[in-house]
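Each of the next two complexes has subunit A plus one other chain: subunit B in the first, subunit C in the second.
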Partner chain A sequence: MIQISKRGELTRSKALLIRLLAIALGILACALITVITTRQNPLLVLQALVKGSFGSSRRSWIFFQNTAILLCIALAVTPAFKMRCWNLGAEGQVLAGAMATAACMVLMGRAGLSTAVIIPCMVVSSIIAGALWAAIPAFFKARFNTNETLFTLMMNYVATQIVAYFCVKWENPKGSCKIGVINQKTNLGWLPELGNKYILVLAVVALLTLFMYFYLNYTKHGYELTVVGESDNTARYVGIKVNRVIIRTMALSGAICGIAGLLLVGGINHTVATTIAGGQGFTAVMVSWLANFNPLSMILSSGLLVFLETGANELATSCGLNASFGDILTGVLIFFIIGSEFFVNYHVSFRSKKKEDK
Partner chain B sequence: MKKLISLFLALTLCFSLVACGGSKEEAKTETPAAEAAPAAEGATTEPAAVTVKAGLITLHDENSGYDKNFIDAFVAACEYTGVEYIIKSNIPESSECYDAACELADDGCNVIFSDSYGHQPYMLQAAQEFPEVQFTSFTGDTANLDGVENFHNAFATIYEGRFLAGVAAGMKLNEMIEAGEFTADEAKMGYVGAMPYAEVKSGYTSFYLGAKSVCPTVTMDVVFTGSWYDETLEKEGAEALIKGGAKLISQHADSMGAPNACEAAGVPNVSYNGSTQTACPNTFIVSSRINWTPYYIYAITSLQVGSNYLTDWCGSLSTESVLLTEVNENVAAAGTAAAIEEMTAKLIAGEVKVFDTATFTVGGEPVANCFAIDTDGDWVADTSEAVYDGAFNESVFRSAPYFALDIDGITILE
Partner chain C sequence: MEEKIPAVMMRDITKRFGSVLANDKCWLNIYRGEVLALLGENGSGKTTLMNMLSGIYFPDEGTISIDGKEVTIADPSDALALGIGMIHQHFKLVDVFTAAQNIVLGLPGKLDLKEASRKIREICERYGFDVDPEQKVFDMSVSQKQTVEIVKVLYRGADILILDEPTAVLTPQETEKLFAVLRNMRDDGKAVVIITHKMHEVESISDRVAILRKGHFTGDMLTKDTNAQEMTNMMVGRPVELNIDRPEPEDSRPRIELKDVTVRDEEGLLKLDHVSFTAMSGEVLGIAGISGCGQKELLEAIAGLQPVEEGSISYIEDDGKHEELIGKDPLDIKKLGVALSFVPEDRLGMGLVGNMDLSDNMMLRSYRNGKGLFTNRKDPHHLAEMMVDFLEIVTPSVETPVRRLSGGNVQKVLVGREISNAPKVLLTAYATRGLDINSSYTIYDLINQQKQRGVAVIYVGEDLDVLLELCDRIVVLCGGKVSGIVDGRKTDKNEVGAMMTKLGGVSE
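Coming up: the complex of A and B.
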């Protein structure tokens, strides 16, 4: 018989061991699938996984950049999640920030303003746009107790449509329904490079990570939102203004998403499209959750997810398969990672029938 | 069979080398194209001065007809020239394209192609960073103006192919009119387009003019999906057109949405990018497509002998860069194949011009002048007059299409 029982507190090292084991098993499963379907050498599979993210110095930089962006969005959703406010609108909030950034670049670029004027405007407007996009559902939740999960999800669609509208309005070249690279010749409003073009993004996200760590653990705000997350009534009893905390926390969530949008448009892509967030708003939820809402652990969990996804795609390419195969492998890996949480929370034991009879 | 293929490829190569080289572009002087590697492979027939490794970036994978057309030609050309190659598929039109191009260059590719228009700015960005690697953005339009030595564009006179496909469509309409299915005034075609810009407009206008050349009463409705690949929207677009009275459908979009909708509704379909006969045996008439193999071979062999290739290359019917698939005799009107052959000869000889200004009007007036290229949309022409010798001259000032007039007889539906 199999018996499942809830675990008590698990030591950190043991929980980590279970998770690492799950990842190893997941990679093994992927290797098996690849070997069975393509008859490739299993060592080649591992090699491709590593090569995807660390095959060259460029790939390593891209790996760190992708990790930073995913981490940034994960940092954004964390305070809301810690408050048990299910913000699934990161995708839309990133888009709002990205759109605001692109609008500054396009309009102020046309007006002929200098980069020194444009960039501060980009920063301010992207943060405000992201914060606003999150504050709207928060306001309705605080005031009318609407369901924030549905509300934030719907805000994603609104943001997507707004971006789609401006892609057509500001299309370049005419008729392409795409904004194209903004100010490609003049580079107006492009975020400056520090050393190389990847470092700025890394630096900003590193600062944000530290900020979020201290905000959650060592500030009054951080404490308040944790209490609201544990129990509304307790929070009210100790005199915390719950509504205010909800709106404030969600706005912070959105503001950081706005920064992610700013980095994506101003620092990396120099254009905006409806797909610019690319589903990372949802992947970020997993990053945050896997790291148990600890910003420092999130560095690892976001890195892991990016590593696995890039590796899976590289594996698909090197085996001459298309990206669907990469998606299948990523799916298998994520299944194992999420599955491991079950074994972290529950104890599974096997009992023989004989013992039971006694 | 293999010998036949290689003979054919060799012929197309010869054609492609002489084509388009004439008045409109000047060949570049030799550049230190790629580092002169030792001629390791002495076995090949070409005197391989430079070892070429080719890379291809595609927007989707082989499930999309558009990308499959690029991939198949690429593989054929690489195998023919005996060069190593890498394909990166499903690369979106974002900085991911730049990353992919750089990774290919890092992996030792010295000639890199991308198949989607939206890849162009990112390919240019990569070209500036890797001056020793050649980059070609297919269907792109800025290489002539960018002035970046190692950045190229290539296209083909696909409007000629569409015109020929239009002839097949017009003959089918005539056959249906004669069979009494509808009157000549009701002869209306439907067209599912991706984006409302010149490449698509030039395509459907030439298709329409081809049909009109044999069926003078024909009209056409056009819908745009706003996406190059959206199976659902393309299917719905075709269904809406059929509901609106279209008797025949063609499309300029990359999925099987429109052909499948036609097969389900029993409406004849003129396809694009390749034959859809297996999936749609009862409705497929013919398909036009661009054959990229001559260009790939031209670019690769140019590099192999150590010379650069044209900044802006344009294939045509005579380079066999524009092809029509076999006619599906079960659906097409009798004599279609012969009519296409005859018209092909006339187009090559210049006896018939696709955009002959005597055959169409805009707002009831014949077109007397029209500038060709206006890159920045400021309504000031970048180049000289496109209407001369009694026709709008497409793909002359640059390879990418620029015919974007809304001619009478074609209605764009919202």
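Coming up: the complex of A and C.
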């Protein structure tokens, strides 16, 4: 008979051990799958995983950059989640921010304004666009108690279509249905480089991480949103204006997504496309959950997910398989990581069923 | 007297939850043809012990024997197969189904509702239940739902019944009805276990009483051989004074004045109908009434949480100045300088945040005092530590989420915080509901201390004995109207009881 019982307090080191064990088992399972399907040396699997993210200094920088973007979006959804408001619209909010950034670059670039004017406009408009995209569902939730999960999810499609429309409208070269690199010759509106082209993104996200950590744990706003998340009635009981907190928190959530959009368009890609968020709005949900909504732990969880995904893709390539194989491996790894949470919370024991002979 | 074989024998039962020892080598005998009362303070392991008997938990150590034969109860179906049925505090019924549908739900075999209804009627007749098998559950009162739960386990052939605090949700009349049914079942040879901590119920219903203290079994005896004082002492582990103080009010002056307050709920039903009374400083004003008679709305209206249709609620300052409270939310009221504290009925749903620790819960009232954008975490932390010492709150630390504390300790945290604001007005709703004797008396003491400080206390209660001992005056509500206001020292249970059920209380 298998018996499952809830654990009491588990020490941090023990919980960490369980999680590390799960990752190790996950990698083992991936190795097994790879070996069975491709008959390659299992050591290759480990090697490919590491090579994916740290194979060269360029790869390492890209690894940190990808981690930073994922972390940025995870930071964005966290205050909403802490308020038990399931913001699944990060994808759309990033697109809104990206769209606003691209609009500034394209239109103001055409108008011949200088970078010193364009960049402040990009920053402000991307933040406002992201915030607005999240504040709309928040307003309806606060006012009419609509379901924010569905609403934010649907806003993603609206954002995608808006981006698609402008991609065609501003297409460059003509007839290609895509924008291409904006202001490639003039570099108007490109975010400045600090040392190299990766450091700016890392620095911005590092600051955001600290900001979010202090915001959630040490400010009145952070405290209010936690209370609202736990119980509407308790919040009203101490005089918190629940509707105001919901809209404010969601707007903050969207604003940070907007910054992610700004970084993606202004700092990294210098173009916009409907796929620019690339599903990271959803991966961010997992980053936030895995870190138990703690911004500092999110550095680790986002890094881990990026590492695994890059590694799995590298593994698929080095074994001569296509990207779908990488997806399968990522899926297996994530299954193990999420599965480990069960063992962190529950204790499983086996006991023999007593014979009823006497 | 002949030696009976117990229907259930539990021996050396131990159960741990993480590091918490819920039951430590407990012994228990349950006999057929007897009602056993299982007594103990909050968190003494009564429910856990019974959950192991009904297959919800599995004991870490120890043995269970049914009719002298050792058995393994791994899940609720094992328990039911052995004739053990448990009625939980929280009902597990499907609202849109009828009583009969709920009762046969999950049973194997062909679904024959007609036959089921017939069998249900038979059970009802045998024991004196009052259930209509065709009635839908959402149409039922709490006591009817409870009856369905009991019939459900009887229908499944249970002859060892466990009821977990069945009277907590019932009115005195409904309790009497339930007890009559339980006596019928006992006379029919069934074994009945009732978990409770109301002493007078133990005395009126049980034949035998078993007492647990902090997970240990402290003894059992025949009810007729013991008394409330002895049982309380065994529960608490030391002699306890069973009298409530009632100091004379000093320097009383009007503090809160209600005039013609009328409130409708969200569905437009009249909850309060032109309610008028005045609460005085330095006095405990009781609010009595059958549950759901507008008590909740009354307190929430004063606290600024309930929209009021008409009437006025004024706070009267020492110099006689009136401040209107209607139309203001709790924050506005605080800004007016009115020190109003409120201990709501639903502690973890309204007064506290279950997932936050003690010091963060202390902060609920004071978090706005921090500098600029930041909260001040130090003072609430000190306050929490002081409170743990002062009120003897049992908790691993002030960093423990309050939902992990037992009911009595949760209430101490809430009452403690509300009192620490040095209130002028203290509203309490069912302050001792679900609390054991020891915690209840701590709360009564705290209320009396506030009264002597000159606070106007409004005490909504359900236990008439307590209301009559604690309150200076009692406002009796009946269907949202004030049925009468009586002097707590001069009235008696009959008078208040009559006013609760009939406006003005004039009986024929």
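Just so it is clear, the second predicted complex is superposed on the first by the 354 of 358 C-alpha atoms of A that agree within 3 Å, B and C clash if a C-alpha of one lies under 4 Å from a C-alpha of the other, contacts with A are read in each partner's own complex, and residues count from 1 in each chain.
Rule of thumb we're sticking to: a contact is a pair of C-beta atoms (placed from the backbone, for glycine too) under 8 Å apart; a residue touches a chain by one contact, two chains touch by 3 or more.
Because the structure is predicted, anything quoted here is derived from the model rather than measured.
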item: Subunit B versus subunit C as contact partner of A:83, first or second or both or neither; value: neither
item: First (subunit B), second (subunit C), both or neither touched by A:177; value: first
item: Subunit B versus subunit C as contact partner of A:30, first or second or both or neither; value: neither
item: First (subunit B), second (subunit C), both or neither touched by A:317; value: first
item: Partner chain in contact with A:273 - subunit B first, subunit C second, else both or neither; value: first
item: Contacts of A:6 with subunit B and subunit C, given as first, second, both or neither; value: second
item: Touched partner set for A:234, first subunit B, second subunit C, both or neither; value: second
item: Contacts of A:218 with subunit B and subunit C, given as first, second, both or neither; value: second
item: On subunit A, positions contacted by subunit B and by subunit C; value: none
item: Touching residues on subunit C, where the partner in the complex is subunit A; value: 17-20, 57-58, 69-72, 74, 303-305, 329-334, 342, 344, 346, 348-356, 360, 363-365, 367-368, 370, 373-375, 377
item: Contacting residues of subunit A [partner subunit B, same complex]; value: 56, 58-59, 62, 168, 172-178, 180-181, 184, 268-271, 273, 275-276, 317, 322-324
item: In the complex, subunit B residues that touch subunit A; value: 61-63, 86-90, 92-95, 99, 102-103, 106, 117-118, 121-122, 124-125, 141, 195-198, 200-201, 226, 374-377, 404
item: Footprint of subunit C on subunit A - complex, ascending; value: 1, 3, 5-9, 218-224, 226-227, 230-231, 233-234, 236-241, 353-354, 356, 358
